[in-house]
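First the structure, in the form of structure tokens, and then the observations on it.
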Amino acid sequence: MFDQVLFYISAFLTVFGAILVVLERNLMHSCIFLLTSLMGVAGLYLTLGAEFVAATQLVVYVGGVVILMLFAVMLTGGGLEEIKKNIVSVDLAPSMGNLITYFWGALSAVVFLLVGGKILTSIYSSAVIADSPKLFIKTVEEIGTKLLTDHVLMFEMSSVLLLGALIGAAVISRPSKVNIFQKGEDDVSH
Amino acid sequence: MNQNFDAYIPIIVLMTLGILMVIGALIVGSLIRPKNPNKLKLQPYECGEDPTGSAWANFNVRFYVVALIFIIFDVEGALMFPVAAVFKKFNEAGAGGAILISVLIFIAVLIQGIVYCWKKGDLDWVKSYQVDGNDNKVAEK
Amino acid sequence: MNDTIVSYISSLANIEFSPLFVFLIFLVAILIIVNVMALIGGLGTYAERKISADIQMRQGPNRVGPYGLLQFLADGVKMIMKEDIIPTESNKLLYTIAPVLCLSGILATFTVLPFSSGFILSDLNIGIFYLLGVSSLVGVGIFLGGYSSNSKWSMLGGMRGASQIISYEVPVTLSILAIVLIAGGLSFKTLVSGQTGFPNGWYIFHNPFTFIAFFVYFISALAEANRAPFDLPEAESELVSGYHTEYSGMRFAFFALAEYMEVFVLCGVASALFLGGYKVPFDLGGDTIIGQFLQIGSFFTKTLLLYYVVIWVRWTLPRLRVDQLMTVCWKYLTPIALFNLIGTAVWIWAFDGKSILSLILSIGASGSAGGH
Amino acid sequence: MSLISYLVISTILFICGLIVIISRKNIVAMLLGIELILNASALNFVAYGKYVSAHIDSHIMSLFIIVVAAAEAAVGLAIVIRFFQIRESIHIDNAAQLQS
């Protein structure tokens, strides 16, 4: 019984947060609604029996990515310039091309919709057939075992990925030392 | 199977309680507390002066670099936790050496990252300036 | 399968509860815990003043109730009667949300805090990892509190607070990983049950690396909870009051309450991971009700002793500078914690997970056996 | 509480992320949209893992999606901040040049 309650609460948080990320103009608020949505997704992981993934979602996203986003918004001017544009938040797409391009565009959109709908319905119908929930017990230890046996290459490669990300991001965001000296020389001349 | 989900009840209840406590205290307080705001009271505090400009100005990029190094180590910790949880079992089964090596490789790769940032001075919070005789700022080293 | 307080009670009384009863038992247990924690948070402010008065040879609060014990209630009444001020230039939504995030984040950690072997709300398989994740909500709350006020002092405090909390999470995580390696599990019951009631079985004395890891953890925990000597986010002599400069009345009270409860949680984790947690010597009382109360007493004794040390440190050491703070974290604690982690892993592999005391004893035994 | 409900939720997440990427002109906001999309994919992995294959590999896949998302956020935001330092703007239309 309670798993359904948990599911509905988490689903509400996820969808509500995601929609408000779209509609909210203030970037700081968007970050907070993203936080809501991410916590909702963590709750959905719990209903799926993926405890460890849920906790990782909390640790990495809530503790890391969201704070990083907030810092970035701070450092780039607080997201203030965007607030006072228009009430309907979604910007209109710039108009380009002529009637023929619009015709072909509409036609291809219809084709895409049909193909996509076909794929989606087949996915959903196959999903109904495969509807037999199985639970994992002690997911942490299974994940640990898998990480050390079958997926050990991924485990090691992820450390290389993180190293690359760390060095790359540190190099990119490092304030250039040349500027410091130039400013110092400017101070002398004035 | 039902029992499994019961374990998550306290999480939801406690988080809701956190929200309700704040709302409840504010509602109860609104019945008894005074409410006579004036313009000076609603100003941000700046030691008695009129505040100049918004506080939402640009900040030092150092804060960001620290957050950046943190997030990498955060993810590393998240990946290390399941491995650490099974290390003992593998060791008891006699496979400790191989596991130890793979864990050590994982950590060693990330130590290179922190060593790099250390060498390049990203871990220094503020680059300290020294002022020479003519009031010129000179970067250290 | 996750053990909960309900499964403990049903095993004790041999009854299967219906879902409604399960929920009610949880609710009652949660209300008890939250009330006790709020009391500890309130008494924390009292203890802080009394101990500081003791250290500075003053009287401290002594008017309200016996020995001034009811001072925190008087403070609470004062707080709730204060005017609720929201600065005009502030960001209303974020200003309201910030204390909620701090309080919810801390309250949610009580889910896994092990008061005794039975009285633990729910012993999740991912216990300690969950605690780390949820408590990082506090960092977001502090940052938003600083940002939303649109005051320069708050902004500085919030930025400092967020970067300090996230930085010091790295040594905390690494020190905890060293213990997880020894215990072989993430749930708090696994972590505590590997230890014994006497200090010789505590993980802090398991090997030299965990002995260092305890101090790394404790120092970092001080910084995570914004306690002196790491109380830069609210440094009252430089930043007025830091991230909660603009907060008044109950909103401020919730920030303060969250801070004091966070100190308790971090001390509780330290005592559970390093100091034997709820373990009682000779397993007195066993699994019965009396045993549970003894275990709760054991846990609270250790935790409150650490709580005392935290307050003691605050009134003894001067505050660090921001650059010193970052240097301590990244250039000292993190490398030491990494070294501890590697050292513990190698120790377990080399000595089959035995503790240093049992190694010495076995060497002594074999030595005496060889002598004969 | 069936597979379809999870798929619907992840579809909504994905579409919201896509709308954010298309409609917002702020680069940080576009990164928010990317996070939503990555979450949708990770959620799909776990949902299929529970209902279709009953294999723990799905959890590992979503773990790595989270790892990649964190690395992506770190590098992406670093680029944004560097861009802001050079151009004093984070409007995507100002990023039309490769040279500074």
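Chains: A, B, C and D, in written order; residue numbering restarts at 1 for each.
In this text, a residue touches a chain if its C-beta (ideal position, glycine included) is under 8 Å from a C-beta of that chain, and two chains touch if they have at least 3 such contacts.
What you see is a predicted model, and the numbers here were worked out from it, not measured in a lab.
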{"item": "Pair with more cross-chain C-beta pairs in contact, given A-B and A-C", "value": "A-B"}
{"item": "Remotest chain, chain A as reference, centres from CA atoms", "value": "C"}
{"item": "Identity of the most central chain, Cα criterion", "value": "B"}
{"item": "Chain centre separation in whole Å, for chain B relative to chain A (CA means)", "value": "19"}
{"item": "Centroid distance [mean C-alpha coordinates] between chain D and chain C, Å", "value": "33"}
{"item": "Whole-Å separation of chain centres (CA-atom averages), chain A against chain D", "value": "3"}
{"item": "Numbers and ranges of chain D residues touching at least 2 other chains", "value": "63, 66-67, 70-71, 73-74, 77-78, 81, 85"}
{"item": "Touching two or more other chains - residues of chain B", "value": "2, 4, 6, 8-9, 54, 56, 59, 61, 63-64, 67-72, 74-75, 77-79, 81, 84-87, 89"}
{"item": "Shared-contact residues (touching 2 or more other chains) in chain C", "value": "1, 19, 22-23, 124, 129, 147, 159, 162, 166, 169, 185-186"}
{"item": "Chain contact graph, described as a line, ring, star, complete graph or other shape", "value": "other"}
{"item": "Which chain pairs touch, all of them", "value": "A-B, A-C, A-D, B-C, B-D"}
{"item": "Contact footprint of chain A on chain B as seen in their complex", "value": "1-2, 4-6, 8-9, 12, 54, 56-59, 61, 63-65, 67-72, 74-79, 81-87, 89-90, 99, 102, 105-106, 109-110, 112-113, 116-117, 120, 122, 127, 134, 136-139"}
{"item": "Partner chain B, residues of chain D touching it in the complex", "value": "63, 66-67, 70-71, 73-74, 77-78, 81, 85"}
{"item": "Of chain B, residues touching chain C in the complex", "value": "2-4, 6-11, 13-15, 17-19, 21-22, 25-26, 28-30, 32-37, 39, 41-47, 51, 54-56, 59, 63, 66-67, 69-70, 73-74, 77-78, 80-81, 84-89, 91-92, 96-97, 100, 103-104, 107, 111, 114, 118, 123-126, 128"}
{"item": "Parts of chain A lying in touch with chain C, wherever the complex brings them together", "value": "1-2, 26, 28-29, 32, 35, 51-52, 54-59, 62-64, 66-67, 70-71, 74, 137-141"}
{"item": "Chain C - residues contacting chain A, complex", "value": "1, 19, 22-23, 91, 93-94, 97, 124-126, 129-130, 132-134, 136-137, 139-140, 143-144, 147, 159, 162, 166, 169, 185-186"}
